[in-house]
Structures are given as C-alpha cells and as structure tokens.
Amino acid sequence: MGARILWVNTVGWEAYDQPIADVLSAIKAKDTEVEVVSLSLAGRLTHVEYRAYEALTYPAIVGLARDAGQRDFDAMVVGCFYDPAVKEAREVSGRTHVIGPMLAAVQLATTVANRFSVLVTRRKCIDQMTDRIREYGAAHRLASMRDLQIGVESLQKDPNATARAIIEQGRRAIDEDGAEAILLGCTCEFGFHEEAQQILGVPVIDAVSAPFKLAEHLAGLKRQLGWVPSRVGSCEPPPEDEIDRFGLFQGPVSVGNRILLT
Amino acid sequence: MGARILWVNTVGWEAYDQPIADVLSAIKAKDTEVEVVSLSLAGRLTHVEYRAYEALTYPAIVGLARDAGQRDFDAMVVGCFYDPAVKEAREVSGRTHVIGPMLAAVQLATTVANRFSVLVTRRKCIDQMTDRIREYGAAHRLASMRDLQIGVESLQKDPNATARAIIEQGRRAIDEDGAEAILLGCTCEFGFHEEAQQILGVPVIDAVSAPFKLAEHLAGLKRQLGWVPSRVGSCEPPPEDEIDRFGLFQGPVSVGNRILLT
Amino acid sequence: MGARILWVNTVGWEAYDQPIADVLSAIKAKDTEVEVVSLSLAGRLTHVEYRAYEALTYPAIVGLARDAGQRDFDAMVVGCFYDPAVKEAREVSGRTHVIGPMLAAVQLATTVANRFSVLVTRRKCIDQMTDRIREYGAAHRLASMRDLQIGVESLQKDPNATARAIIEQGRRAIDEDGAEAILLGCTCEFGFHEEAQQILGVPVIDAVSAPFKLAEHLAGLKRQLGWVPSRVGSCEPPPEDEIDRFGLFQGPVSVGNRILLT
Amino acid sequence: MGARILWVNTVGWEAYDQPIADVLSAIKAKDTEVEVVSLSLAGRLTHVEYRAYEALTYPAIVGLARDAGQRDFDAMVVGCFYDPAVKEAREVSGRTHVIGPMLAAVQLATTVANRFSVLVTRRKCIDQMTDRIREYGAAHRLASMRDLQIGVESLQKDPNATARAIIEQGRRAIDEDGAEAILLGCTCEFGFHEEAQQILGVPVIDAVSAPFKLAEHLAGLKRQLGWVPSRVGSCEPPPEDEIDRFGLFQGPVSVGNRILLT
Amino acid sequence: MGARILWVNTVGWEAYDQPIADVLSAIKAKDTEVEVVSLSLAGRLTHVEYRAYEALTYPAIVGLARDAGQRDFDAMVVGCFYDPAVKEAREVSGRTHVIGPMLAAVQLATTVANRFSVLVTRRKCIDQMTDRIREYGAAHRLASMRDLQIGVESLQKDPNATARAIIEQGRRAIDEDGAEAILLGCTCEFGFHEEAQQILGVPVIDAVSAPFKLAEHLAGLKRQLGWVPSRVGSCEPPPEDEIDRFGLFQGPVSVGNRILLT
Amino acid sequence: MGARILWVNTVGWEAYDQPIADVLSAIKAKDTEVEVVSLSLAGRLTHVEYRAYEALTYPAIVGLARDAGQRDFDAMVVGCFYDPAVKEAREVSGRTHVIGPMLAAVQLATTVANRFSVLVTRRKCIDQMTDRIREYGAAHRLASMRDLQIGVESLQKDPNATARAIIEQGRRAIDEDGAEAILLGCTCEFGFHEEAQQILGVPVIDAVSAPFKLAEHLAGLKRQLGWVPSRVGSCEPPPEDEIDRFGLFQGPVSVGNRILLT
C-alpha cells in the first residue's frame, strides 16, 4: 500500500482544491493516496495573507492533524507558505508527520544552493516569512525576499502576468542579490516553476511540489524506519483524559471540501 | 478619564477571572477601567500549556482584539506567558495596544538586571518559551529556564507548595545559573512574587502585574503622544471590504465570562 | 507623592536644559517632580557625538546615579541616544532606575511595530548605535539607520531644515527599507515627532518623551511592586567601605546647571 | 528505471563496504541501483576521525563527484558524519545531488522534534561537528553533544558495548539535556538505531539510513521536477577548458573497492 | 629605533607599576621603549572590578591616548581585561594603535585553539566579560568562564593560592568544559602563566604578555606597512577646532606614576 | 636565530613563487628565514578560485604542515585568502603555528577599524568567504564584499587595471557601504596596497603582508612564551602509531618548487 497524504488548503474556500489536486495528481507516486481538503470556517477566506486570517485557521488545522493521526495518514501538509500552526498541529498528530511548504522548500534550497531568494506575493509577507526563515536557521542563506506585487487571489487569474513577474523578480534576485535558487513563496504560485526554471537557469522550487514530495518521503521513513514525530519533552501531546474532560476534538473535523486521489 | 484595559484570560473557563480581577484591582491606577474576560470556546480548557490548546484560542483572541479596537480600549493583555496570538491580534486591533506577559516581563527584566531566569510550570514549556525569548532578542540575557514541576491548574490549589518551589528554584537559578532577576513564567503564578522577592533578594517579576502595568503605561503613551500600533508594512491590517466579503468578525465576540473593574 | 525623576543632559553646557525642561513639563504627570541637570565638566561640550567626548562624561554620570540613589529619586534618565554609562551608573544607583533613550525607544518600537529605522544625526553614529541595538537584541528588527547629515548642534538652530530632513529620510526608511516605526536617534531631535508622525503615518518615537515616560512608569513599578535594579551577580555594587577607602564619591556631585519642575 | 545512488565510504579501507551494502540493500527501494565504494588513498585509513585524515580524502571525494555527474548518478552520499568535502564535491557533480549524513540527519531531526542530541564517538569530534551544525543553522535546536567514548573502529567490534553506550547516553540526553530525538553521529553507528528507538522511545536517526533515503528522495525530485544542484553564483563549476588546461580529472577515479546493488 | 609602547595601568594606584614593568622588561624586544603609567584619579582605586570604577577611568584613558598620539607612541595598551575605553581612546589616538588585553588574548586563543575558557577573579566579572567576548565575535569559541573567587588585590598577595586556583579551575575548564586554551582574565594574574602552561599542557595566555607583544607587532605594522587606526566613518576623530572651542585636552595628561623602560 | 617561516602558495604552479618571495623579502625581519613553496599536484592549477580546486590541495597542505612541524618551522602560512585546510593542517603541525591570510587580515582589520570591506576577485568567491568570516565571528563587522571582476590569473597581468579596480571598488566600499578599512581578498592582489592606502585614506590590508607579519609575531610568541597550537580536545592530533599503521605521511612532502630567503 502506498503513502497516504492529507493536503490542507488553509482557506475557507473550495476553489483551489481541484487545481491543487490536479498538480498533486501529476506528481504523486502511483500508489500514493491523497486527500485534499479546504477548511470549514466561520468566514469564506480565499487567502490567509494576514496574520489575523491565519489565526482563524488554527483550530481547524490542529483538528485535522488529530484526525489525520487517528485515520493513520502518513503525513499532512499545511498548504500555506507561512507554515501556519505546523508545530501546533504536529503536537496532536500521533504518528503522522506534519509539515509546511516553507520548511520543505528551505531544506531543499539549502541542499541544492548556498543562497536563495523567496518571491512573495506582497511586501506584507516579508517580515513574517523572514522571521520564520530565521526560526528555521536559514537566515544566513537568504539572499533576498522580493515581492511580485500580486495578491494571492490574482496569481492564478492572470497567469501570464504572474509568470512575467516571477521571471523578472527571479532574474533580479539572481543578478542583483546573488540568489542561486528561487523559492516561490506562496502555494498559489503553482504551475509556474517549470518554465521559470528553464528560463532562469536555477532551481525554482514551488510551494506545492516541494512539501508534497517531502511528505511522500517522510511517509516512507515512517513505514520503513519508524521515524515519526517525537512525543517527549516539548513534543509531548496533551493527555487523552484531559482532552475528554475539556470536551475537545469531539467527532470528526468538518471540512469545507474534500477531494480524493488514489 | 483613565486608561481602559482589556485583560484576556486565554482559557475557556471562568474560574481565574475573579482572582485575576482581584490582583488587578489591587494594583490598577485609581481611574483605570479594566474588563477581565475569559473565552467562549468549544471546550472548557482550564489551561493552554499545550500548543494544540493554544491554537484553539487564536480566533477568539484575534476577535477580541478587533473588538477592543472598535470599543476604544487603550490596551489589551493576552494573559498567557506564551504570548499567544499577540502579533496576530495586534494586526486588527486598530489603535489599541496588544501585549503579552512575556514581552512585558522580558523588557522589564533587561531593565533591572543583566541576566534573568524563568520559572516555568513544567519542562514541556521550556522549548517554546526559549524560542519566544530568542524571537524577542533576549536569549543572551537568559540565565536559565527552570521548571517547578507543577501543572498550571495546581499552582493555586496548594499555594504553599508553589511558594516553596518558587523559592527553591529561584534560589538555584541565582546561585547556580547566575540569574539576577526571576520571571514567573505563567500568569497563574500570581500572588507569589512579593514574598519571593523578599526572600530571594532579587526582582521577582510576575506575569500579571508586569503586563498590566505596561498596558497602563502604553495607554498613557497612546493618549499623550499618539503612539499606537503601526499600520504599514507587515503591520498592515486586512481591508475592511475584504473582511466583509469574507464574512469575518460579524457581531461582538462572545466571551465566556466578563468582569468589570472601575 | 508623585514620581521623582532626574534627567541628565550629558553635556557640559546648560543651553539645552530649559528647552528639555519645557518638553518634560508638557508631558509629565501632574505630580511628577523632575530635576534637569547638565554636567560640570573640564570642557564645555555641547554634544557627545564622538566616543571620546562621551568618555569624558562617564564619571559625572556615575556620580549622579549614586547621588540619585541617595536622594531617593525613582529613576534617572541619561539623556543621550548612545545610552552612555547606563549600566555603569545603574551599578551604584541603589534603588533608583537608570535608563537611556535608546533602550526606551527600542522597547517601545518593538511593541508597536515589527521593523523600525533610526534617524541619526550623522553617519558617524551609525556603527556605534548599531552595536548597541545588537547588544539590546533588536538587530533583527532594525530596518535601517539613516543619517540626517545635520550635526547635533544644528538640529534646533534651523528647525525647519531638521523637520524636512526627518520627513524625507523617514519617508525613505518606510518606502525603501521597510520601516514601520521611526526612531529619532538623538535627544536633540525633540519637538519634531508629532508633525512627523502625522505626515509619515507611522509611530515616530522621540528620544526625550519615550525614556521620560518610561521613567515615570518604572517609578510606579518601584513604588507599587518593589521592582528596582538587581543587586546580585553582575549587578553587585562596590562595597561601601571600599568606596570610602578609595576616597570616591565624596560630597554631592557638582552639576553645571539645575532646573526643577514640580 | 529506479534511482541510481553512489555511496562513498570515505576511508581507504574496504572492510565497511559489504556491511554498509547490506544495510542499504535492506532499505533501498526495489528498483534503486546502488554503488558502494571506498577510496583508493595513499594510506589505508580505517576512519577519518581527525581533520588531517579527512583532508586526505578530499581529492578522491571531489573526483568521485565529477565521475558521478558524468555517469549520471542521481545522487552521491559522502558517507561520513562530518559531511567532508560535500560542498566541494557538489561544485563539480553536474546534475548529481551530493549530500552528507549530517545534513540529512539534521533536516530530519528538526522535522520530527524541536531539540536533538548527537551521540558521537569521542570528544574529539564535538567541536568540529558543532561548527557544522552551526553552519547548517541548527545550533539553537541542539540539546547536547555526547560522546560514547568508543573509537570508530571499535563501534562494530563489540556491538553490545556500543548498544549499551548508545542507550545510556541517549537516555541521559533525553532526561538531562532535553533531547527529543537522537542522532547517531557516525556512519559506523549503523545497526543500532532500531533497538535504541524502541528502548528510548524517541526517533533515533542513524547516519546511513537517513542520508541514503534522502538520496533516493532527491533522485525523485531530479527526475520529476528537474531539481538539481544550482550552477550559478557560488555554485559555478570550473570551466571545462580550464580543467583540461590544468590537466585535472583525467580518466575515471580509481576506487579502493566497489560493490554493486541492483 | 625600536617600538615605543605606552602601557596604562587603569588604576589610581602606583603599586602595580613596578611589577608590571618588570614583566614587560623581561619580554620586550631589546630596542622597544616602554612607558608604564598609572592614573591620576580623584580616588586611589586599586582595581576596577566594578563598572562604576571603570567609568571613573574613562577620561584619563582617553586623555592618555590623545597624548600618546601626539608623542608618537606606536601603540598603547589599556591594561585591564575588561578592555575599558579602548574604542573611545582609539578615536583620538592619531596614528597610535590602542588595544586591550582581552582583544589580544582572544585573537591569540582562536589562533592556537578552537575553544577557550577564561579564568576571572570573581563571578561579578562574568557577565560583562561575556558581553565583550560576544562583541568580539568569539562567543561560539568560549568553552566557559570560571571564577577563581579571589579578588584582584589578593591575586598577588598570596601567589601560591592564586597559582593553585588557576591550576584547579584550568584543569576543570579542560576536563569538564572542553577548553583547549586558558585565558587569565585579569592583568593582575601575571606571573602565573608559565607554570600553569606546563602543568595544564595547553596554552595559558596571560593578560600582560599577550597584549604587550601584540603592541610590539602592531608597532611594526605601523612602521613598515603604514597600518594605523582608520580615521573615517565611525572612526572619525573630533575636529581640532571643536576640541579647542570646548576646551578639552589642554596640556599633558597628569598621571599617577610613570616608569620608563628603554 | 630569527623566525623560520614556511609560506605555501596553494597552487600547482611555480610562477608566483618568485614574486611572492620578493614581497616577503622586502618586509621580513632581517634574521627571519623564509621558505616559499608551491605544491606538487596531479594538475598544474594556477589558482584555487573553485572549491573543487581547493579540495585538491588539501593533502599537500596537511602534509606540508606535518613536515613544517618536524622541521621546526615557527609558523606556516597557507597562502590563499580562503584559508583552505588551515585547521586540518594545524592538527598535525606539532609546535608550528598554521595560519591563513583571511584570519590575519580580519584580526587586524577589527583592530584598526570597526567595519571593513573585502575586495574579492570575482563574485564566485563571495558566499564562501562570507561563510568563513562568519565562522571567524566577524560578520557583524563586514561592511560589504565587492568583486573586482578580475580573475586571479589576470590580477598581475594588467596591474594598472587591477589598481584602478581596487581604487574604484575601495572608494565605493567606503562611500556607499561604510567601510573603514579595505581587505584585499586574494593573495595575488599583492603590490597594490600601498598606493591604494594612500589614495583611499584608510588602512588597506593585503593578503600577503598581513599573514606573513603575523607569522613572524607568532614565531616570537612561540619562542618567548611557549605559545604553540593546543593539542587537546578538538586539537588532538592523530596518534603516531596509527599514522604508521595507516602508512601516512611517509617521507618528505614533494613540493612543486622551493625558494629560500635568509
């Protein structure tokens, strides 16, 4: 039996689910099973570019992680380049790996290059993402953060404009900032990395393929080598009887939408 | 008119509201108005020692911050030493300051001493709090983190045991680790700092008084000098029309409990 | 009885005393008592932009701190944005808080914004101030240091030119460097923050109001909560009998000028 | 066709080749082809615990990387936990990934835990490995380095003693240092991780499986997504005509021993 | 003509001058000329273990540096392991190098070893010296700070006790903390390094010889290669006409005592 | 008897030997003996700008260090600004100091200035050199890295062009980046520092004089004070019997060329 991966679109909006499923379908191992979900939230968020929006998704992400653990998924991907609630979710995911796109992309970037740049949607994201990169210990590898000046929702609306912006900012990152690899700093920048890579001549790492393939890799490690999230020290999960006493995580987490790939 | 402060107990449980209100009542400026609330959550969390529990409180904290901004509070304190959702909440707080106990305690500690230790409840907290202290730029001032080996809920149940543990670990922090000030690393460690300070002979900074008095101070700065949270760059709030379109933040945030001090 | 604050102009020149007193008079709490002093030095220094000048003020600053402790001041502000001799002075200040403008401004900046820039007088200051910001653990929050290319003495001579330079460099700090708050990096840049804040649309923190209001806040903490400088470890003061044996700190410190505000 | 991996035992001694090949054989994907080689050196080094020994292996490692690129390997693993010559080798590896065990183990450790410890052979290794971990940006995740006090050559001679030492030091790392995952800091510590993991109850990551499975993963990324080492900036390889002019890399690299797994 | 070095004992007390002169006399190059001075201060400080004491020496140190520049000394050593006022003094030293013992010792330590420990007099010094080592960029090379629990003045009173303490703490630094070189962290720990080095078997770097020989070396660089302190950017000295206008540095600096070695 | 220094040109090409010998001859102390060697390598490398080239020189450098120790040299300089194999070589150098040009230049730069820039040959070098500067703890003193866009071999072919490029980039480093000293980041940038220093008005530190004079200085320290490389902890050399058993370091190291200066 192949890897079982849960992909979470961290929005309260189903429109990205099919396109993301299509991307995953094209790159997944033949026997990998994937579930793509978006969230059931109080509001219909189409993006989480703001910290305040992100915060609204935390309970659902954590709930899905617990669910994923109980349903024996091998790995869950929190599909937003901020890597929101990843550590929170991992705490209750049982034996299921939980990862975010930035973690995956940064690990890969430092394996294929010495300096990388991130192309984000808008300037708004730069400080928060830089903080996360610092937390991940890769600040000394960061050549620059550059913004495409395109909001999340517009990325896929005018793909030609997005492609042009990625090429232009990628080129400047390489020539002016010394980047040796380019990270596409939003999961909605999918579909662009191949052409950009060809034109720019450096690895262009997108925020869907990188974490998804890492998830498959971690699934293998779990099955073959028993490497799953630690459960001691700061990784200790809450006790089950306390969870019951508090009345938490009752019943399956409701999701906004669900697509299965087998 | 005095400062108007919102104190948020980040639990789904009202039992701490009155004791905290009593502490605040004793130290507030005469004309300060305080509202103490706890959260209305799916579960009745009595503490948020786990990341997964914290995550559940994020939407309510953010919602309260937006509310606080609209109701013209001068400052809101997120009453948990992890400083959960503080940056997220500040993004939508309008002209209201949003702070957490750790921020307040660390700023004060580095003003009265060169090295400080934090006495946390259990070892579980150490990694996460150390990360936050690093984010706050004070890791080089941290002499040690020491755990009392007492869970949050037990802190006030057997106050004598808690006091003894604080004295013992504080003494060791001073003698063995070189601490020059002691931080009580949980808002529920209230009521102990005075005696501990007397016995230990160093500043003992508790996680209720420090942020509350800082909130009053920030209220003054807001009123006299117009210093309120920045709203540009990474501090940009979501646009109001988008908030409406997404259907977010409709109506006042429901809270679990509310106590007013005037 | 209100707070008792000692403000030290770290120059050997009385001309700033009245203007600073006027600023403090306008912002102080009604019952706060303030003493503004400048130094009695071998030379009539009108600024301490150079390290060598600063060095000349060290004994007087330390002496005043000891004096302040003995005269029961709640807090003393060393009125220079380099924060000269602050730790040295605090060592002998007894129960009196000793702070500098940079400490106060940086703490506030990181409470209202994620990234800040400092507008200094001349390029000369940049390295030394950057070092201090690094020591304070805020280097990762520093968007840029920008120089006004105006010497300390000229700042108040042509206030219109100074205001224009602050607006221009502040604007560039925000637009080009990603600053979200602006720090005025010299105590002599007083009188400009209000207009600049209005025009620039971000918090503009000046080096007089920020430390002075922090001093009042610390005064309150001292009185209500007993939080005063630590006296153990690296904060241990010299023994009194040794001070006597060495013949140090004999008699009150002579000052260059003294203004009282009640 | 499956992944093609070159595993390099960085010693001038063939005795580890078969045991390592056995380990890899047991964990490789069915269709992965592996070549295990040891080096042909002036001396018969059985380990490279010393920097001076390591230095002697640099030309051969670099030569093998160039060879691997020309023979179209997907990835090459430099089989020593110091990660010797990895960046040097990657510079001339063409489209072949080059990785070391520490890189692989640290990336994995920070994905399954917040703090990890490394169990090294002897105290000698600690400083150099700590430096490398710092270079990899994971120093803030390092709980401790502990030495087994067993030289490289003895690890497999008395496996019971090695197993006992791993359990004992691993236990102390967890209990005293706060480790949440254990890294076995020498490729010759193979064969121990499974039992240790079971007994210690945390992920125990060995230095053979982790890099080998990462190599397979990178092979997949190369084939599916075209992600190969960058060749710009600091990743620029020497020009071919210069290599010819200097007379470098003439003919295939001679190896000490070669085992094929298909 | 040989090097001309000014050695400054940063105390208001002449008793160390002859012993230090004796040490220097024994190690100086034949043609090196040395002037050993102690300070003329308001009080007769026999040590500067406290920050407040140090502060009192700042004007004299700066004055002596200016003097040294005008009298064409090649280098001046500020003879205290805190390296007090070194940057301040260097600003006005003209073409004269100004260095401190810690700078010299740390540079040497990282040239002969990968990790070093510092043996300080009392715990009081540890935080301040650690800060300076961090400023010098060597914190990652610091194995430990250990205190001899002997005050500055007692170091030479009971040399046997001092020697024993150095051996004991040095041994523990090597065995327990991983030190590979030992720094004697007070200029008054002179006369001990040779025996300690022999017994401990690692480089033991004392705070008199290291900076003095570096001063001779810098004298050579000045004469042969023209390498003297920079005078641009943050190294810009105050303008001469301003110095005159302020009435600073009038006449030669009075010293407490002066010994010439030729 | 004077100092005995071994200078190693880390190339497989003798053409630099005489010019370097001429430079050393002009600056060495009268009684210093110098041996200048280049390497005997498989290929005739005229530079080591690439990591892969560097790697090829490692065994020879280590071998020469062992040789130098046995032949009682006081110090050996690894003559390449990357400082290749310095720590590796030092491990087996016995009582001989081993240093690189970057170490020497950075130590000096931070003694004469607060911020420095490095002028490298080509952009290729920047990342690797920045990494090394970070390892040396001087990243916070680095104003910028600037490339001359001149390959190593061309530096001495058109000295006028090189001189012009040094002046131009040095000027921009000072004016735009805030450099206060300039480091010439390649040993082949010899012969330019004097004129550049005169024109630029800041210390210009070249990569031949700085390490060579430091080597003479260390020679003195070795002889007078017994300060030689540590041999404990991570500085422990391999045991002699193991070296024999492995068949390493047999016979004197063959060099490509040798010039003696007495």
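Lettered A, B, C, D, E and F in written order, each chain numbered from 1.
Note that in this section a residue touches a chain if its C-beta (ideal position, glycine included) is under 8 Å from a C-beta of that chain, and two chains touch if they have at least 3 such contacts.
All values reported here derive from a predicted model rather than from experimental measurement.
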| item | value |
| --- | --- |
| Chains touching both chain B and chain E, listed by label | C, D |
| Far-end chain from chain C, centres as C-alpha averages | D |
| Recurring contact interface, reference A-B, options B-E, D-E or C-E [over half identical by residue number] | C-E |
| Most distant chain from chain F, judged by the mean position of its C-alpha atoms | B |
| Between chain D and chain F, centroid-to-centroid distance (C-alpha), Å | 30 |
| Centre-to-centre distance between chain F and chain B (centres being mean Cα positions), rounded to whole Å | 54 |
| Length of the line joining the C-alpha centres of chain E and chain F, rounded to whole Å | 28 |
| Touching two or more other chains - residues of chain B | 87, 114-115, 123, 126-128, 140, 178, 233-234 |
| Touching pairs - complete list by chain label | A-B, A-C, A-D, A-F, B-C, B-D, B-E, C-E, C-F, D-E, D-F, E-F |
| Residues of chain C touching chain A in the complex | 114-115, 140, 178 |
| Of all residues in chain F, those that touch chain D in their complex | 12, 42-46, 49-56, 58-59, 61-62, 66, 85, 87-89, 91-92, 123-128, 131, 135, 233-234, 236-238, 246-248, 250 |
| Complex contact set, residues of chain C against chain F | 123, 126-128, 134 |
| Touching residues (chain side chain E, partner chain F) in the complex | 27, 87, 97, 99, 103, 107-108, 110-115, 136-141, 174, 178-181, 193-194, 197, 201-203, 205, 209, 213-214, 217-218, 220-221, 224-235 |
